[in-house]
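Two complexes, one shared chain (subunit A), two partners (subunit B, subunit C).
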Partner chain A sequence: MTGTELQLLGCAKTFAGDTKALLPTDLVVKPGEILGLLGPSGCGKTTMLRIMAGLETPDSGGKILFDDEDVTKVPIEHRSIGMVFQSYALFPNMSVQQNVGYGLKVRGISGSERDDRVNEVMSFCRLDGLADRAINQLSGGQRQRVALARAVAPRPRVLLLDEPLSALDAALRDTLRDELAVILRGLSMTAVFVTHDQSEAMAIADTIAVMRAGRIEQRAAPEVLYRDPQTDFVASFVGGANRLSGRFENGQLHLEGGTLKTGIEGQQPDHIFIRQEDIRITNPDGASLRGKVIGRVYLGTHTKLTISGVCEAPLMVTLQGADAPKIGDLVGLDIPANSLIHF
Partner chain B sequence: MFVFLCFLPLLIFSLAFLALPLVRLVSASVGGEQGWLIYAEIVSNPRYMQSLLDTVLVSLAVTIAAVLIATTAALFLTHNRFPGRSVLIASLTFPLAFPGVVIGFLIILLGGRQGLVNTISSNIFDTRIVFAYSMIGLFFGYLYFSIPRVLLTVMATAEKLDPALVEAARSLGAAPLQVLRDVTLPGLAPALIASGAIAFATAMGAFGTAFTLATNIDVLPMVIYTEFTLSANIAMASALSVLLGLVTWALLMFARSLTGTSIAASG
Partner chain C sequence: MSRRTAFAIQFAVTLLACAFLLVPAILSILAGVTVNYFQGILASGVTLKWVGQVWELYSDTIWRSMGIAFGCLIITAIIGIPAAYGLNRFPGRLSRIVEEFVSLPLSIPGLALALALLQLYGTIKGFRLSFWFILVGHVLYTLPFMIRSVLAVFSTIDLQSLEEGAASLGASSWQRFKDIALPNAWPGILAGALTVVTLSIGEFNLTWMLHTPLTKTLPVGLADSYASMRLEIASAYTLVFFVMIVPLLAAMLWASNRAQSIGKPS
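== the complex of A and B ==
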């Protein structure tokens, strides 16, 4: 892989009024790796991105390294990063071509070299034929690609993206998410992006750092994060797993709606979760675990059910196909012991 | 019908307070013995033309200086928070409340024969510096009341500029002056044009300050006053007023068209 290795060493950020936006954090992003910073608002993910960019300085003691170079005190304009902003922040007084070429222009690259680089980047970001357009004549998706092209045209060492898809319509977001993933992978550039949407993080990132309250809860590849969460927050935030809380006795979990054989030997684990798609609906007669359907959302490829009376919080179940039970139906639930997530 | 009713107040207002007095003014200007030839007389009179030129020049100088000073101050005040900031902004906008006479008086206190500058320079350097009763005094007086007008407009716009635009330019490697030239000033352009136009028009028509400083100052509003009160030449006073209005309007239109095309060309 080509690219720059990005390292944060003991980076923390305390804002005025003693607000700890980021607790001391170590993080390594390998050359060419695409890292997603995932978490709810206020978890410190944007602060971390802005520290990488040089828009915020870490509290004293924190260090940022690009390969072996300490860039902690290097201001953003000399750090050689590319940044895509949430609002895209395209220059309204410049055409698409002028926007994309701006980073080259201020670096003093002119003439044919600049034109060639701009054309190359624009065609890579599928912006052919839009060179002379004004920014206000572009669609949301085009704006996003202009912002990306502008950020990568000067060949930055690290590409940073702040919620790159959140300014788009929901309908457009899925398509553009996949497109962005393809473009980013094609760039083979070290990239860090911030998102609060787990499906976005999973689609784009090589590894995801799930953040909460100023710290990284878990950093892993998407499938590891999904299959093997290390904290209860990761389990419920990534993929929306159901927490099963009840009385644990001899490998059995006694819930409000019945009893579940867990296959867990020895001590009671702190947390037991089950994924929405791992629950099967059965006939309520003779089922060891029962509940009542109180919500049903048909989504074409699958149906989402909300089932009450199983444990404290309503259980969320995702079923393939359309022949799901109706609201008010009593259902039996089959929860396979080997699908349980416990730690 | 309803739309017409909504339009009616504006129509009445425009007719009663804008169109009618203007028509009256024009008809008064040609009501004298020479009729329309009075305008030819103005153009051929070097004293009138010189005073028109002086008025335009001092107004232009005031506009440029006010926009430069107020924009710098507005950008500083928008981006920095410090104790006493709101007090400072309030005191910067204080001159808005002063009539021209008071501003003229302040200039005399500063640059008059017994003024602060002259007292200091006479005592220390043994040189007399008196500028209050000249175009320089007028320039400072106009500048004093133009700055708050520009400052408030530019600050309102600067606060609405997306800070991410500046951050984006910096992330692409732009130095502070490049950011100012390529991002901040284009973003402020509409406010600079609007407030510059107000500063210019106000300076063109300002009277109280010039009247207070008097003596060596021959700006057009002063000439109009002299024609009207001392010579009782109502036709000439009216004709000069029409001229003042037309020249101001034409220059503002010209400035607007210049900036309009340059903005369209860069966008």
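== the complex of A and C ==
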């Protein structure tokens, strides 16, 4: 893989009024790796991205390295990064081509070399034929690609993206998410992007750092995060898993709606979770665990059920197909012991 | 009441209001081209003689007014655009105070402002007797309009994000000002510039206090002609003033419309 290795060493950020946006954090992004910073709003992910960009300085003691170069004190304009902003921040006084070429222009690259590189990047980002358009004549998806093309045209060492899809309509977002993933892979550039949407993070990133309250809770590949979450927050935020809370005795979990054989030996684990799609609906007669359907959302490929009376919080269940019980039905629940997540 | 009657009444009221505003102006302009106002335009006929006399008697005030307006524009642009940029760049309590402070001359009567200038600088002879003295007064009075007009545009375009975008692409602070801030603030600068020029050309209160017989401006000359000349000459003078100011006002309207539509789809 080509690209720059990005390292944060002990980077923290405290804002005025002693607000700790980011606790001291170490992070390495390997050359060519695409890292997703995932978390709810206020978790410090955007602050971390802005520290990487040079738009914020870390608290003293923090260091940012691009390969072996310490760039902590290098201002953003000399850091050679590319950035895609949440609002895209395209220059309304310039055409598409001028926007894309601006980074080359300020570096003093002119004439045919600039034109060639602008054209190359524009066709890579599927912007052919839009060169002379004004920014306000573009659709949301086109704006996003112009922002990306503009950021990568000067061949930055690191590409940073702040919620690159959040300004788009929900209908457009899924398509453009997959498209962005393809383009980013094609660039083979070290990239970090911020998102609050776990499906977006999973679709685009090589590894995901799940953040909460100014710290990284877990950093792993998407499938590892999903199959093997290390904290309760990761389990519920990334997989939307259900927390099973009840009385634990001899490997059995006593819940409001019945008893569950967990197959867990020894001490009671702190957290037991079950993913939505790992629960099976059975006949309520003779089932060891029962509940009542109180919500049902049909989504074409699958149906989402909300079931009460099993444990404290309503249980969320995802079923394939449309053949699901109706609201008000009593159902039995089969929760396979080997699907439980516990730690 | 039927819709037709309602419309008719509204139409009549609108016409009446227009007439109330326009008839005096039209009468005044007509008086300026009437041979003898007391005999009436129909009896005595139409002439450009009075306009010619105005030119002879007062052309210096017209040139001076234009010169002061132009100088005022240059100075307010040089001070006002960077000031607005700075106020936008570093928002905070201090910026708010500065903004209010700059706007202070608007809430003080022009006469009081002039008095203050006279008290402070009146003894510096060369300055007091030159048109620069009036120019300083006009700059004090028009600067807030330039700053506010440019600030308004800056606040509609999310300049901070645009500048961060430019910085991420390697642009220095001067390049960001030149390539991003200035071109995007252009409609605001234009609107501000036209406001400054129009206000400066029409300013009377302050100028009346600050002028000397050798530094009369157009509105001061106008007052002078009303007081001491034939009504026809004063009216012809008004006509000249109209011809100068109306295109400026039209351009101002156009520029402020453009400023408001920035960022919206065309």
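Operating definition for what follows: the second predicted complex is superposed on the first by the 343 of 343 C-alpha atoms of A that agree within 3 Å, B and C clash if a C-alpha of one lies under 4 Å from a C-alpha of the other, contacts with A are read in each partner's own complex, and residues count from 1 in each chain.
The definition used in the following text is that a residue touches a chain if its C-beta (ideal position, glycine included) is under 8 Å from a C-beta of that chain, and two chains touch if they have at least 3 such contacts.
Only a predicted model underlies this, so the values are computations on that prediction, with no experimental measurement involved.
Q: Kindly say whether there is room for both subunit B and subunit C on subunit A in the superposition, answering fit or clash.
A: They clash.
Q: Using the superposition on chain A described above, determine whether A:Pro154 touches subunit B (first), subunit C (second), both, or neither.
A: So A:Pro154 meets both subunit B and subunit C here.
Q: Answer with first, second, both or neither: which of subunit B and subunit C does A:Ile81 touch in the superposed model?
A: both
Q: Between subunit B (first) and subunit C (second), which does A:Gln137 come into contact with in this model arrangement: first, second, both, or neither?
A: Second partner only.
Q: I'd like to know which partner A:Lys326 touches here: subunit B for first, subunit C for second, both or neither.
A: Neither subunit B nor subunit C is touched by A:Lys326.
Q: Of the partners subunit B and subunit C, which touch A:Lys73 in the superposed model: first, second, both, neither?
A: The answer is neither, since A:Lys73 touches no partner chain.
Q: Could you list which residues of subunit A make contact with subunit B in one structure and with subunit C in the other?
A: Shared contact residues on subunit A (touching subunit B in one complex, subunit C in the other): 53, 55, 75-78, 80-83, 85, 87, 89-93, 102-103, 106-107, 134, 150-151, 154.
Q: Spell out the residues on subunit A that touch subunit B in their complex, using ranges where they run on.
A: 53, 55, 75-78, 80-83, 85-87, 89-95, 102-103, 106-107, 134, 150-151, 154
Q: For the complex, give me every residue of subunit B touching subunit A.
A: Listed in rising order, the residues of subunit B that touch subunit A are 162, 164-165, 167-175, 178, 182-183, 186-187, 263, 266-267.
Q: Using the touch definition from the top, list the residues of subunit A that touch subunit C in their complex.
A: Going by the criterion above, the answer is residues 53, 55, 75-78, 80-83, 85, 87, 89-93, 102-103, 106-107, 134, 136-137, 150-151, 154, 160.
Q: What does subunit C use to touch subunit A in their complex?
A: 157-158, 161-162, 164-172, 175, 179-180, 183-184, 186, 262-266
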